[in-house]
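Okay, structure first, notes after.
Just so it is clear, A, B, C and D label the chains in written order, and each chain counts residues from 1 on its own.
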Amino acid sequence: MTAFHAVAMLSGLVLAPLLPGVINRTKAAFAGRSGQPVLQLYHDLIKLLRKGAVYSRTTTWVFRAAPAAGLACVSGALAFMPAASAPALASFGGDIVLVVYFLGLMRFLTVLSALDTGSSFEGMGASREVQFSALAEPALFVAVATLARVSGSESFAGLFAGLTPAAWMAYGPAFMVVLTVLFLVFLVENARIPVDDPNTHLELTMIHEVMILDYSGPDLAFVLYAASLKLWLLGAVIVNLAMSAAGVTGSLAFVGFLAAMMLLAIVVGVVESTMARLSLLKVPRMLVGAVALALLAFALAGRLSP
Amino acid sequence: MMPLVDSVHVLILVTCLLLLGSSRLGACIRTVAIQGIVAGGVLPWVSSLHISMQLLFTGVFVMALKGIVFPVLLSRAMREASASREMSPFVGYGTSLMAGVLFFLASLWLGAKLPTPDGVSGLAVPTACMMVSTGLFLIIARRLAVTQVIGYIVVENGIYALGLAVAHDIPVLVELGAMLDAFVAVFVMGIAIFHINREFDHMDSGRLNVLKG
Amino acid sequence: MVLLLVAPAVAAGIVLLLPSARAIMRFCAMGTITTATVAACCAWRTFAGGSLQAGEWFRMDMLSAWHLVLMAGVFSAVSLYAVGYFSKELESGAFSRGKAARYAALWFGAMDAMTVVLLTDNLGVMWVGIEATTLLTAFMILTHSSPASLEAMWKYLLMCSVGVALAFIGVILAAASAESAGLTGAQVLSWTHLLDAAGSLSSAHVKMAFIFAVVGYGTKAGLAPMHSWLPDAHSQAPAPVSAMFSAFMLNAALYCVLRSLALVEAVTGSDGWGREVLLVLGLVSVLLAAVFIVGQRDIKRLLAYSSVEHIGLIAVGIGLGGAGAAAALLHAMNHSVAKTLSFMSAGRIGQAYGTNDMRRISGALHAEPLWGTGLLLGIMMLAGMAPFGIFLSEFLILKSALEGGRYLLAGALLAGLVAVFVGVMRHAIGVSWGAHEGIVRNVGAGWLDRFLVAGAILVSLVLGIWPCSRLWHVLEMASALTGGMP
Amino acid sequence: MNLILASLAVLLAGSTLCLLVPPGGKRAGILGPAIAVLGSVLGIVPALDAMVGAATWQASLPWVIPAGSLAVGMDALSGFFAFVILTVSALAAVYGHAYLSRTGTARRVSASWFMFNVLVGSMLLVVVARNAVLFLLAWELMSLASFFLVMFDGEKREVRRAGWIYLAATHFGTAFLLVLFGLLGIRSGTFDFSGFSALRPEPVFAGAAFILAVIGFGTKAGLVPLHVWLPEAHPAAPSHVSAVMSGVMIKTGIYGLLRFSTFLGAPMPWWGWTLMGAGVLSGLLGILSALAQRDMKRLLAFSSVENMGIVAMGLGFGFLGISRGSFALAFLGFAGALMHVFNHAVFKSLLFMGAGSVLHAAGTVQLDRLGGLSKSMPVTACAFMVGAAAICGLPPLNGFLGEFLLYRASLGAIAGSGAFAGMEGAGLVLLVSLAMVGGLAVACFTKVMGVVFLGEPRDGTAAQAHECPMAMRLPMMVLAAICLLAGISAVLLPGFVEPAVRCVVSGPDAVALAALSLPEGVFSWTAGAGATVLLAAAALYLLRNALLSRRRVDSAVTWDCGYAAPASRMQYTSSSFSAPIVRQFHAVVRTDTTATRLSGLFPSGASFSSEARDVWREHFYAPLFKLFTAMSARARGLQHGRLNLYILYIVLALVALLAWKLR
């Protein structure tokens, strides 16, 4: 392991808070506003870290420990994610599972801390969170498995390394479907429109935001930072897959990767500006659709010849 | 000898039909007594080739038992229960008679299955079977306890006749033992009838159906 | 051996002279145990040294010795139990000296008749013995005179008399078959002689004789569909009588079937002609019992149907032949132990609750710890739970069925057993646990009762876990007498 | 060997001592667990020895049951299960000591301990038996003992019902085992396992035997649709017994399946598919039903069905792998299944103990009446949370390891489609099912944890709860520590299951045997990552503390969206938490709801309740039983009390026999 191996992870850790900023700017542009600065989240984080905190009397140590642990989890997951030509900090066969399960642990803690407050709104959000993720997880796994089937590797690093422009030539249709699925999962997992609206202020309709209502100070900073890291992590999956079609290598690829991440954020912003939030009852249907699409992609990958 | 033997058999068959067709208990008791005397006493004498003292003795014993003891016991039971006729049997009398004919045909078939020893009338086994089946039918198709005991006696008669027909050498001890048992059985049944009558004020065994399931 | 035949008759006479009901019951127990001890000694000699012969008429071989042991055990245990059982009845005034004397006299009479059945070498005498058993025991049902018990007694009497009359036809036909073999005199009814001359017997006669014997003795043994008297008689008789009926009298009748089976198998060349009949009747019994156990409400009727089931199982085992027959004989012993225990306990629990209706009995384990435990474990044994004996013998019977390639039979048998288990345990759980409402008369339990319950459980455990090899050896030899090895 | 026998002797013979002490006194409550602990400790070391493949032995004493021999033995497979059984049982005994003395009726304590020790002893005997008759006896003894333990609170109607269903189900399973053993015994001429393993059965026979084994052992293991007894019996038992039953007893079914599969020769693909099918069904149905429950112990019981489903998936995948010649994949399947067996034993017994403590503290395990217990019972809450996270398969706890191996197996099958032709379908099924089940498990256990331990008490009794005594806390802490240590010291673990798997996959050649090992360093990666994340979390937490130490930290009420009078009863309940998910799967999980309509301007007294029903029980077993009862009720007309017809039966039987035999 050399210093070079840390580049992918470090870039994520440093640049992740940029993504919400880009998204917000995009949305503001669509709305004709000038909007927040792109670096707004960095300011927020620093400000929050300097503040004191207010805790609900109902809460226990679970509530206090969850943000720190959740941040650790998502950072741990990030260690296995390459950034195009920049290799992952660590990689081994099956790290896909570990990454997904680190995210699972983070969700576990978030949900528990929401329930810890005893608020019925937070309970509502927690319930929705686990419901949607129970469907999003299979979709993600099958989508990734489709890639694994083609590339013959069981780790993220190997996965993307194994996907060459040649493979894209052969499996292009399947990969396009996989991209769609991954994008859906990305939206769901990061609580974006059309599943959730991060900007709403009506507790009844929120999912992720309502679960963290009671956090303040450094805890809220951890939570927000972790959310942006998760956005980066899942975005990286999409971008890595898309980048593999281009077949560029070297530092150019890494720069391309960063650019693509920003592009992804813009796309999200466009989606959020042009779409309405789905009715909560329709979200499961969309997710089942995602699973079905993923299975279709898996079958396609078997049918198409290399 | 054969015509005589056969006519005795026919007589027995007729008693069977009488039992099947009669509703009067008194008549039934008399008929079964006659049947007992004929089957137990007359039949062995006329059908056996050599009459021994043993046979003679058994015959007298059986005749006494079936001709005198059983009818007396039954009549007493009947009187105590103050029932003189079977009012509504499970199977009507006409049907019973038709069933009797069927039994006879079945008995003939069964008789054909069993090789008859030399010197024994071809009717012997069917007649015995006819008696057994008639007795069983009486037990099944009649309501009164007395009639059922009569049926049981007919079965015993039939068995006795069957024994005579197929096996000459059954030791007398066993034969007597069998008779004794039959006697005790009827005796015990008589007591039971008495009890039933006392407890339930009727001796309709068709109504003895509290215990079920 | 002669002593065995005479002693009960003498005892029956003595009983009539004793002054009080308690003395009679005590004497009854002592007399029974003494006789049983003698019987056990005789049986032991047979196991050790082969058949015993006593004159022309009596003979004891492995099969009869085995049943004699069963009889000795069942009669001893039940007579001991009866002391406690009836003393409770005496207190409540439902029992008197006269009844005690009649009961005890009939008890010894029945014992004598059954001993005759087991020891005789003569078909006719055997038949007489069975018929005598019917007549004697009929009045034992009537110990507590009630309309229901009278009805039960009447049904028992008439059905068994008719059945046994049919069996007599079998005796006659068997004797007739000997004609062609040239046997004379008492020989025509002697098992030994008939078996020796098996080759030259008239097979048509023997076959028909067997069918009559199966139906006739089967009625008395409680094989379905001739079993109908059994639940009535068992439920109405006092518990000691039910226990004796179920745990041994049925076996005595089945013993007669086994003897006939040996003959017919010898004549037809051991090709299973007769065993098939037992297989079918046994299977029908098991399945039918299953159906009746599921919805049963009366605890003693439940146990009675369980007897039908187990007699059916024994019949199936015998019908399978070979190791199956040996297992069936073992099963007979297991069943006797378990059934004695169950009926003893059920009787006392019935006394305590004043009813046999299982819907009104609950929490027996709590209300009557000893008898509740006895009943629960007894029913569990009967249902075939390991590690009790019945589990083992059922397994061996089943294995034997599989060994013979009778998969369908094994499947049906298992289905029946599972159904019985499910049905019977539902009742057992309801009876044993739960709250006991209303007044429960405490029937108590003396040291003798403890000894009986613990003894039965222990015997069943030993039979299930560690039946000594000598026992198995005896069983194999005894089962060989039921119609040869296939 | 001697130690194992000594352990058996202590457990089985020593148990009778429990009956000798006065039933009510304190002595029974100490003697019983002491015997269990002593017996277990004696056996653990040799079991561990055997498990790592160090000490295997066989011994046989003559036994007089026909074809029986007192053959016992120990190999890695037995050692593995024996280790699991004894470890959990010893801890459960310690827990039970305090639990029973607090909640049990004093009268029955001694009988209960007698049965407990018999249960532990018979479970041990099951895994060391090397003779089918002995195995069966031990198997039945196990059922019997556990039945009595379930009936501990027999005065409750639902407990009686549960006991009956349990007994019926276990006997149903045994019936199939009887046939299985009978067939094997006849085929090999002996009932010794050594004779069984010498069999080389043809496919038809082996297939039939496999089906029998799956039904027979699957009933004990609680695989759908043979699971109906499990959610009834496990909650009904006292909690330390539930821990043993759910934690280890049902595993004997897995042991039996594995052991007997080794006698049946090379597996066929459909064996694997059958098991995987049962596993997927159990996994999904189990976790969905668990999610719908409102009773904590029933929920845990259904979750056991789910976990056994995961184990069955792994086994099925393993069999499939062998039949297709992919030994490396098969190894992953088996190893994952076995590891999950161990893990489930640890965290399920932990969770049941936690439920027991809740019952002990708050007097109920109805989820909707609990809440906020973590303040009054912090140790229990902490241990329970570790268990809950572990059962969801989350790293860095032990639950992750088994599931990870299974994921590896499925990904391996998918990624290596060239080499393992025909396995990618199975891999996909495994992957999707695991992901589904995993996601739902998170939903299920966040619900329990959140509703029971977090938030505010919903009920007066829950508010007065108190921490349980040390003897109850200690076993939970030990188990939680095992969850954590097993998760982050994973480097040691391959040696744990590898020898056991080698026992199952007998027969392949040397090359295949060489493939039977874990990929190098897999566990060191997961363990390292887990430990790192744990350290990072700790560091971040310290950072947070450091930041806050210089700031003002206030406390207030929970943000209630401006509502004026929040009350604890307004909290999300377990039903409301799980309702959306359960509704989504209403095809397989039915929830009956009863609600009173609101009426009037000022409605009052509204109520709402919901109850989850088991589809299989409601729509399959209950109608079946009803049908049988109805049929038997009709057949009972045969016994109508009419003597005449009874005699007619005799005559008909006679005629029928005559007609049949003398045609």
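Methods note: a residue touches a chain if its C-beta (ideal position, glycine included) is under 8 Å from a C-beta of that chain, and two chains touch if they have at least 3 such contacts.
None of the values given here were measured: they were computed from a predicted structure.
Taking the mean of C-alpha positions as each chain's centre, the chain lying farthest from the centre of subunit B is A. Centroids of subunit A and subunit B (each the mean of its C-alpha atoms) stand 99 Å apart. Taking the mean of the C-alpha atoms as each chain's centre, subunit C and subunit D sit 43 Å apart. Rounded to whole angstrom, the centroid-to-centroid distance between subunit B and subunit D, based on C-alpha atoms, equals 69 Å. Per-chain CA centroids place subunit B at a distance of 31 Å from subunit C. Annotation for subunit A: no residues touch 2 or more other chains. Among the residues of subunit D, those in touch with two or more other chains are 636, 639, 643, 647, 658, 662. Residue positions of subunit C with contacts to 2 or more other chains are 154-155, 158, 162, 204, 208, 231, 292, 295.
Under the stated contact rule, the graph of chain-to-chain touches falls outside the line, ring, star and complete shapes. The full set of touching chain pairs reads A-D, B-C, B-D, C-D. By the touch criterion given at the top, residues 154-155, 158-159, 162-163, 166, 204, 207-208, 211-212, 214-215, 218-219, 225-226, 228-229, 231, 273, 277, 281, 288, 290-292, 294-295, 323, 327, 363, 365-366, 380, 383-387, 391-392, 395-396, 398-399, 402-403, 410-411, 414, 417-419, 421-422, 425-426, 429-430, 432-435, 464-469, 472 of subunit C touch subunit D in their complex.
On the side of subunit B, the complex with subunit C involves touching residues 113-115, 117, 132, 136, 139, 145, 148, 152, 155-156, 159, 162-163, 166-171, 173-174, 177-178, 181, 184-185, 188-189, 192, 195-196, 199-200, 205, 208-211, 213.
Of all residues in subunit D, only 636, 639-645, 647-648, 651, 658, 662 touch subunit B in the complex they form. Across the complex, subunit B is touched by residues 122, 124-125, 127-128, 131-132, 134-135, 138-139, 142, 145, 147-148, 150-155, 157-158, 161-162, 165, 168-169, 171-173, 175-176, 178-179, 183-186, 188-189, 202, 204-205, 208, 231-232, 235-236, 292, 295-298, 301 of subunit C.
By the touch rule above, subunit D contacts subunit A in their complex via residues 371-372, 374-375, 381, 385, 389, 392-395, 400, 403-404, 407-408, 410-412, 414-418, 424, 427-428, 431-432, 435-436, 438-440, 442-443, 445-447, 449-451, 454-456, 519, 521-522, 525-526, 529, 532-534, 536-537, 539-541, 543-544, 547-548, 551-561, 566, 568, 570-572, 576-581, 584.
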